[in-house]
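Structures follow.
What follows is a pair of complexes built around subunit A, which joins subunit B in one and subunit C in the other.
After this line comes the complex of A and B, so read on.
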């Protein structure tokens, strides 16, 4: 199907793409290569030292107690953040899809946190989850819980190392669950009413309609949401900075935070680069198959 | 089975749950607004949820203009606009060109090229941060607003290309063919056919870019540490970490830092949504 182009026209189209292609080639791929090189170097002081040391930085990192805690925190955070956002997002979408009066109003409220910076979210939630003290009394959410008679739910939140990163996940769910709602709602609107009606006529209960008709049809959206939220989760940094910092005993620390601190405060560039490469590999495992699949499927259509 | 015959209490429960969630999402904004409006005398952590007795704009004034050893966020706001506006325009323009070529002038390998471009949208920026700093230093752009603009422009290309490519894919082939028959070349088709219908695409892309650049922290804190060029997110984070600044001033500062993107969302929500859904690779 390829048309024969005049040579000049093909040249112009390539020239139009050229600035972006060069920029991305250098700033994305070139820089990733450079970081990879740094991660295998001896540059663990202020001045660059590109002596090749192989995988030494990586081996040291995996033996590093802080990095092990970080990986565990990241797993806990990702698990909670994903399940929480998906469950709440799906619930809200299903509820809003039931011909609700004032749907637009509710939708706007559920989604607005998406437009905020993680820094703003972090600053506010730091105060909301400030537990107060037994002597002076509760503050923030604890105070609110006391007021509405749910005092038994009080927690030390991020100040309690046993809660730690889970408290940060709550703030992240607050920010991103509306996004999942929007995705699911768009998906639900794309499912023709006749399909549900047909299932109902066949005697399916409302629950069965969702379980066996709606959910399977929404599977691509669930996958998309997992990919998007998953890569945000692996990269989470701003929220930690603004809300808690690394926390007591690194209870709210994550690899991205460790990376920035070790690179730009401690000047351990090679160690920072190694963390960055590990993050990149994790994100790639999630993104690359999805990306190739999406573009290829679209090309077939 | 239809809605009309539904038992009323089920309906009531539905609205109860919806309102409950609305309260959950609005809770931080309630605290932000209520606290920012309290006077310094009235601010008390243990009365955090109480309404203010009298309105006071003191907190906003102090957050913006500073006082008592802290400089205020006013100039950081200006910095954020200086970064966000040029970077938004530049990345939108580049994305439009790329989207046009990748949707209407496909060539062998164009899908591969597109996939390679898109990958840049998902990478953790930690993996390019060290070379970025080194390069900006060599170019004399480290610690400057132009340096930050450059970073945001380049790393914005993937998402703007994606949105424009999907958008231009909806422009009918026949329109392009007709212009070609009239003798329009590559640039002619772009300026005569594509640009005139591009407005909604530009709105979606520009809202998306403005929001992400305004809200960015990682590039800002890495490239623009110097207080003179700090965007508002970095300054706000410093403000919040400082013990000399009162809690109500922090809340007022947060509210103001949130305001530009919040207003964009409230007034252009429809376009915001489209950008959001485009981010998940669906057109």
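After this line comes the complex of A and C, so read on.
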């Protein structure tokens, strides 16, 4: 009797889950599969053409000068964005953790940029980093540098191909480091004071306390932050659109932007799908190990 | 007598204003009749009955005095008021009306017009067309579906998925020329050959433009205007101050640049924030080094991309980069124009929409000349409107296309937008409605050799335009002449292969 009732409950659970399972199956995995299929087709005009061409689109893509630049840009951007956000976020968290006066105020201020969309961030930083010219005068950061007598530090920022994507990374770090701070702050608050005390009693310097006690204990948070920032970074598009566009010599171009242009301007739908698949693979390289890690940990608990 | 004349004049004026609406005339049934009989009487052919039904129904939506006709074979009572459209309208209706769509016999509904005209003179020009349309077709609700973004780069990305999904607007903006290939017109658009024939447009549009409009032997869009891409704009104040005249060739151009650079003026301004402006500049340089025929041949495979003219053009572009404003990557073309307005920059190469923008900014101290080395050549682009196969209100769109192709529509539109009409049958008085730049532009258009612009969709298919644009963009950073020429050769080979040449 009891077993049959259980069965009924299971059935209801299954029925309740079914709509979302179907929706996810179709709209997420179905479309991923379809994109994969298109990426191996010959769809290079508006009218769909599903002739199978194997991996030709991928091979062409990796030989494409613009895509090579994009991958390099993406690596530079991700590297800078991750290290910058983690470092600044951690630093801010440590400072706030000192039980400073007005902590709530500062916490809010540091967290604010996160509430903006990348579009807003992009527009603001486009103005801030406007290079200006000797004839029309400087604006934004260059004007500030000029006024405080550091004119020699003026830069073309994102318009200078040598800086390019690094300037965009600065804007992204500004936006996301407050979020990392919040994560670390929660982590720091979770570490019992006794552990630090014990380390200090054992003669550890403050530096050693952080290096050998705090940081190892914060590792899950660091990992979580890397996953969250990493997938934002790999998919970055809106910030580029609002701030710079592809830039001179594609110095601020990224795969997602190239995907949009090649699909809807050059009508190379298959090539666009190939870029989408490559982006998916890159993101899964980051996410899948994390998923395995967390599932295992849950199993252990 | 005088009073009678004055009254007549006022009467004519009122009639002109009111009676303007949908071309055609009123018809009152003398006795009980049918639509077919009326059609036989006025057009000499009973097959025109649906056209009269549609026109009368549209009219009755705005004015209940007209009869509402529910079916084609309905009895028309004596004394009922009908509206008989002009013959051309009736012919066009019969040519484009699908008998499987009886809903199109009732008028009303929407007209969704897709375009990338959102700002300044462009938006005003579009509104002028809307006003005319609204006078002719007061029963239709116009929906202005514009999407901003330089040269339509964003708009086109939005319209394509809608075409594939079968949910297009009723009509949308399209550059004349090979850009139409990007819309797979055989599948997604309706050929407009019949409309061109009925409206007599093949007689009033210039041959170069008609050649450009033909793709796979069909017309796919109705042109409203013509723009010129190869114009050098300069600040008169700076030119006068340093005693400079507009350069005729690149040697003169660079000696002017050298002189102005020494004076601390930006000799040449450009923007490239949109990603296409530098490619626009390069296109006009190609016209100058290859000449009209040579440049045209680039896009048909007759001129090899390995030729010396291409190398020379790249060298010129490279040299120009020594004289441009340092912030060009951050500016769009209008941002660059601010240098001229502030008298801080001397010259700029951009299409003649710049003229409208200068006027909107209240800047009058500018002069114009053809891009050095392109005197006698007109690098042209044209905006057209098309009819998607699955347009929800095709007959409303048909009326729109007729307004776009009409003299009245083109004058109203172009005087505001700052371009010249595509039609060449303007009278001297009508030409006088345009500003001095546009008048000189009309003269040049009538006289010069016409070549199609590539970056504005006329000369090449879209994938080629993108590769061309990308090669130039990369060149801005690498300044690698040989490498860029190689990339351009490869792009041409791929595109010509795709076009089956």
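Please note the rule applied: the second predicted complex is superposed on the first by the 295 of 301 C-alpha atoms of A that agree within 3 Å, B and C clash if a C-alpha of one lies under 4 Å from a C-alpha of the other, contacts with A are read in each partner's own complex, and residues count from 1 in each chain.
Keep in mind that, in the parts below, a contact is a pair of C-beta atoms (placed from the backbone, for glycine too) under 8 Å apart; a residue touches a chain by one contact, two chains touch by 3 or more.
Here the structure is a predicted model, which means the values were calculated and not measured.
Asker: If you stack the two complexes on chain A, which partner ends up touching A:13: first (subunit B), second (subunit C), both, or neither?
Answerer: A:13: touches subunit B, not subunit C.
Asker: Once the structures are superposed on A, label A:264 by its partner contacts, choosing first (subunit B), second (subunit C), both or neither.
Answerer: both
Asker: So in the superposed three-chain picture, is A:180 touching just subunit B, just subunit C, both, or none of them (first/second/both/neither)?
Answerer: Neither: A:180 stays clear of subunit B and subunit C.
Asker: With both structures fitted on chain A, tell me whether subunit B or subunit C touches more of subunit A's residues.
Answerer: Ranking subunit B and subunit C by residues of subunit A touched puts B first.
Asker: Where does A:93 make contact in the superposed view: on subunit B (first), on subunit C (second), on both, or on neither?
Answerer: Once the two structures are laid over each other on A, A:93 reaches no partner at all.
Asker: Per the contact definition in the header, classify A:65: touching subunit B only (first), subunit C only (second), both, or neither.
Answerer: Only subunit C; A:65 stays clear of subunit B.
Asker: With the two complexes superposed on chain A, say which partner A:275 touches: subunit B (first), subunit C (second), both, or neither.
Answerer: Touch partner of A:275: subunit B, not subunit C.
Asker: Check whether A:136 is in contact with subunit B, with subunit C, with both or with neither, and answer first, second, both or neither.
Answerer: Once the two structures are laid over each other on A, A:136 reaches both partners.
Asker: Classify the contacts of A:161 with the two partner chains as first (subunit B alone), second (subunit C alone), both, or neither.
Answerer: second
Asker: May I ask you to decide whether A:126 touches subunit B, subunit C, both, or neither, giving the answer as first, second, both or neither?
Answerer: Both: A:126 reaches subunit B and subunit C.
Asker: Which residues form the common part of the subunit A surface touched by subunit B and by subunit C?
Answerer: On subunit A, the residues that contact subunit B in one structure and subunit C in the other are 126, 130, 132, 136, 260, 263-264.
Asker: For a test of understanding, state which residues of subunit B touch subunit A in their complex under the given definition.
Answerer: Checking each residue of subunit B against subunit A gives 1, 3, 14-15, 17-18, 21-22, 24-28, 31-32, 45-46, 48-49, 94, 97-98, 100-102, 105, 107-108, 111, 113-120, 122-132, 134-135, 151, 154-155, 157-158, 161, 185-187, 211, 214-218, 221-222, 233, 236-237, 240, 247, 250-251, 254, 257-258, 261-262, 264-266, 269, 272-273, 276-277, 279-282.
Asker: What does subunit C use to touch subunit A in their complex?
Answerer: Its residues touching subunit A are 153, 156-157, 160-161, 163-164, 181-184, 187-188, 264-266, 272-275, 325-330, 338-339, 342, 344-345, 462-463, 465-467, 470, 473-478, 487, 498.
Asker: So in the complex, the part of subunit A that touches subunit B is made up of which residues?
Answerer: 2, 5, 8-10, 12-13, 16-17, 19-21, 23-24, 27-32, 34-35, 38, 88, 92, 95-96, 98-100, 106, 108-128, 130, 132, 136-140, 143-144, 147, 174, 178-179, 182-183, 186, 200, 224-225, 227-228, 231, 234-235, 237-238, 241-242, 256, 259-260, 263-264, 269, 272-273, 275-277, 279-280, 283, 287-288, 290-292, 294-296, 299
Asker: Where on subunit A is subunit C touching in the complex?
Answerer: 44-48, 65-66, 126, 130-136, 156, 158-159, 161, 245-251, 260-268
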